[in-house]
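So that you can tell them apart, the chains are marked A, B and C in the order they are listed, and the count of residues begins at 1 in each.
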Amino acid sequence: MPGTVSRLSSTPFQNRAGLRDPLWLRLLLITLALLFVTFVLGLPLILVFRYAFREGWGVWVASFTDYDALSAIRLTLLTTTVSVPLNVIFGLSAAWAITKFQFRGKNLLITLIDLPFAVSPVIAGLIFVLLFGNRGYLGPWLQEYGIRIIFNTPGIILATIFVTFPFVARELIPLMQTQGNEEEYAALSLGAGGFQTFFRVTLPNIKWALFYGVILCNARAMGEFGAVSVVSGHIRGRTNTMPLHIEVLYNDYQTTASFAMASLLAFLAVVTLILKSLVEWHSSRNQIENTES
Amino acid sequence: MSKRVLPGFGLSLGFTLLYTSLMVLIPLGALVLFSSRMGWEEFLDKAVRDPRVVASYKLAFSTSAVAATVNGLFGFITAWVLVRYRFPGKRLVDALVDLPFALPTAVSGIALTTLYAHTGWVGSWLDPLGIKVAYTPVGITLALTMIGLPFVVRTVQPALEDLEVELEEAASSLGATRFQTFGKVIFPAIFPAVLTGFTLSFARAIGEFGSIYFIAGNLPYKTEIPPLMIIIKLEQYDYLGAAAIGVVMLVASFAALLVINLLQAWSRRNNA
Amino acid sequence: MSIHAQNITKTFGNFKALDDISLTVPDGKLVALLGPSGSGKTTLLRIIAGLEHADVGQILMDGEDTTHAPVKERQVGFVFQHYALFRHMNVFDNVAFGLRVKKRGDRPLKEEIADRVHELLNLVQLDVQAKRMPHQLSGGQRQRVALARALAVQPRVLLLDEPFGALDAKVRKELRRWLRKLHEEIHVTSVFVTHDVDEALEVADEVVVMNHARIEQVGSPAELYEHPENPFVYNFLGGVNLLPVDGNRVHVRPHDLGLFDEPRGLQDLPADITGIHVVGPVVRVELRLKSDGSPLEAELPSRDFNREEWVAGKRVYVHPRKSINYGDADPLVEAGNL
């Protein structure tokens, strides 16, 4: 599944004589794959950085100094700082409930948790408009108390939480299921309480998966466009996050400034990918150590 | 696993259910409930009889299908090459595959549009040949290919890795050529994974918004996608219209999720 | 500390794991729960530990009702079949764990903890490996760490779930002797679960034979072997031959079956040799009883075996030196296997 830590295996195939594919085939397939990936993924990424810096460093830096850009950055950071920790707490809680206990409806719960993954981001925004918008269910009541959720920061936070809801849980649940519960039982038999067991025994065993879930959740939270677009109202300097501001600049033909902002997010994406590789490398090293004994 | 031996069942399940209800169940329920305000007829009018909306469904479906197919083929090749061969830059490619997962859709949106516009790096090559990519369904398909790519690769990769080498050696010792081994031994074993990857890519594509929004051009009846239709309805304060389309898309997502779960169960049974 | 299990019943879905079990483990004894898979022995052990809860029945420890007490409070040391060592902690930290999670008031000082851990690691002969991680240790070493860890909190009772199940034959033998010696040094009431008959008979003070959620017999290893109370116990503890004697079928051990060229009395039955296997110091002879064609197996020391004349096809006479009569019940049906 995408987003889960995959194993970059050590290609035993080349070592077994009977299984070597003909050279021409290998070259052809490798070339096709390289061209495909370069074309579809590599080019756009390179373009972002090229266009961001095509007028030089000075312009790049300057594009972040105007009020609208700064408040977009601020809003994105605020949204992320609120939604990611909440989803982390949720992910840990859900993973504990699902992997340590048996109860009816567990599969249904897992499917529910996966739902935001399958739903279009615009729907994610729509549902909150229908709940909290002026013509929504709670609209009149909110208006009476002067509380604005839609077209305001709370709405953006809610939509972001929805969209990034499953990330941490989906990383933790398969891992904890594989690891089993014996160590937790052992800790209990030695006199540890619930929280002691969780922090001293469970958490250290899942730390890499948790880390990866957090950085994925973070990347998605900062970059969400569709859902936030619907609930935001696009008010410059007030309710624009970084992705929305990118749209604003682009539509205004301020291409360089737009790509400058985009390059920040692209840089974050690259960092995410690097961290992911590190996590994979680390966990595959652990696997090798554990099987060597 | 007993409810009463390990602690924290009540707390963890309680919080999980509460949070899930608040963030997922109630909002999604609100969508369905809201659309029930329309009678059945009005719902159908807005959801499936409006020609502009229907055009958007057709566009989403066709472009997603093509993109998923392209991803199915080239994603498979990419996974194959990553698992079985050694070549320079392999680690880079493996890391890059997850890019659409980490890169904001708006960023890929403007990047692709700029790339294929008639002044773009690729667009300027294709334009004289009469091939227009930006602001056409082709551009949309390209964007969908990009965002769906990791789904195929990351689903097929583990399946390839789990294949027992002994199976291939057995086929080889019985006289099969590499191509025969591939056709009769390898491909049938990983076909469920390929199909799952295809479906995941497709499901992701039909709901995609951010990366298409820029490259589509949003010409009515030509390059409008369903999420855009929802936004247009909202801007016109036609909440009911938006909800109607939303319900249709939600049903499509559920159907896709169901198909994916069935496929995964099928492939698990095959591999047991 | 003595343990008493009273009328314990436990069902998992449709499967009855324990059926009205009552058992007493005397203070300071090393008791084995012996039986085939599915007999309920591990379930009983886990119920005593508090890792499972019985549907019906009570657990009393030194007279105190601990049936509903959580694991934490029972002060049991549990050694898991697959060790359950904390994989991210080294040996020292694993053993120190129980001491470190004690409540503020009860927690020993850092130096005291270190002393106790080293004392225990010395006891299990692993002091040198204190800094190693679990995945760097062999199976036998891991098991000893698990034992040291369980002993660190001075449990009132030590419970071991197939402690040597995952180890090589030679290591198993060494460790079981070592466990016995350890018990003689420390004298903590201990219960261990095993399906290995040799292990139970060699190590335990008392053996509880279990089958299909019930207790078949309780007794010392000698008692059990000399006086098995029913065909299941007989069959489980060793080889079985069934001979027709006086209209009944009696149970005879392979090494209690004498083989002779000529009959010396009415007890000696004619049989034909069908196979001969020399296995180290003993010879196993397969025979077919002439009267009803049923298969027999005799075991004799090599020096008693007349090699030239006794070949496949030869007629000999079998003489049961010792036998037990359970009436007409077929032991194979009783045992529930085959």
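One rule holds for everything that comes next: a contact is a pair of C-beta atoms (placed from the backbone, for glycine too) under 8 Å apart; a residue touches a chain by one contact, two chains touch by 3 or more.
Everything quoted here is computed from the prediction, not taken from an experiment.
Undergrad: Going only between touching chains, how few steps reach chain C from chain B?
TA: 1
Undergrad: Consider the two chain pairs A-B and A-C; indicate the one with the greater count of contacting C-beta pairs.
TA: Here the pair linked by more C-beta pairs in contact is A-B.
Undergrad: Please report how many Å separate the Cα centroid of chain B from that of chain C, as a whole number.
TA: Each chain reduced to its C-alpha mean, chain B and chain C end up 56 Å apart.
Undergrad: Using mean C-alpha positions as chain centres, tell me how far chain A is from chain C in Å, no decimals.
TA: Taking the average C-alpha coordinate of chain A and of chain C, the gap between them is 52 Å.
Undergrad: Taking each chain's centre as its mean C-alpha position, how far apart are chain A and chain B in Å?
TA: One centre to the other, that is 16 Å.
Undergrad: Among the residues of chain C, pick out those that touch two or more other chains and give their numbers.
TA: Within chain C, residues 50-51, 70-71 contact more than one other chain.
Undergrad: Do you know which chain B residues sit against two or more other chains?
TA: Within chain B, residues 2, 5, 7 contact more than one other chain.
Undergrad: Give the residues of chain A that touch two or more other chains, as numbers and ranges in rising order.
TA: Within chain A, the residues that touch at least two other chains are 185, 188, 193.
Undergrad: Considering the complex alone, what residue numbers of chain A touch chain C?
TA: Residues 182-183, 185-193, 196, 200-201, 204-205, 289-290, 292-293.
Undergrad: Once bound in the complex, which stretches of chain A touch chain B?
TA: Its residues touching chain B are 1-4, 6-9, 11-14, 16, 18-19, 21-22, 25-26, 29-30, 32-34, 36-37, 40-45, 47-48, 51, 89-90, 93-94, 96-98, 100-103, 109, 111-116, 118-123, 126-131, 133, 135-137, 158, 161-162, 165, 181, 184-185, 188, 193-194, 197-198, 216, 219-220, 222-226, 229-230, 242-244, 246-247, 250, 255, 258-259, 262, 265-266, 268-270, 272-274, 276-277.
Undergrad: How about chain B: which of its residues touch chain A in the complex?
TA: Spelled out, the residues of chain B in touch with chain A are 1-3, 5-9, 11-13, 15-17, 19-20, 23-28, 30-31, 34, 74, 77-78, 80-87, 89-91, 93-112, 114-115, 121-122, 142, 145-146, 149-151, 153-155, 157-158, 161, 165, 168-169, 172-173, 178, 200, 203, 206-210, 213-214, 226-227, 230-231, 234, 237, 239, 242-243, 246, 249-250, 253-254, 256-257, 261.
Undergrad: Would you pull the chain C residues touching chain A in the complex into a rising list?
TA: Against chain A, the touching part of chain C is residues 49-51, 70-72, 75-78, 80, 82, 84-89, 97-98, 101-102, 133, 135-138, 149-150, 152-153.
Undergrad: Spell out the part of chain B that touches chain C in their complex, as residue ranges.
TA: 2, 4-5, 7
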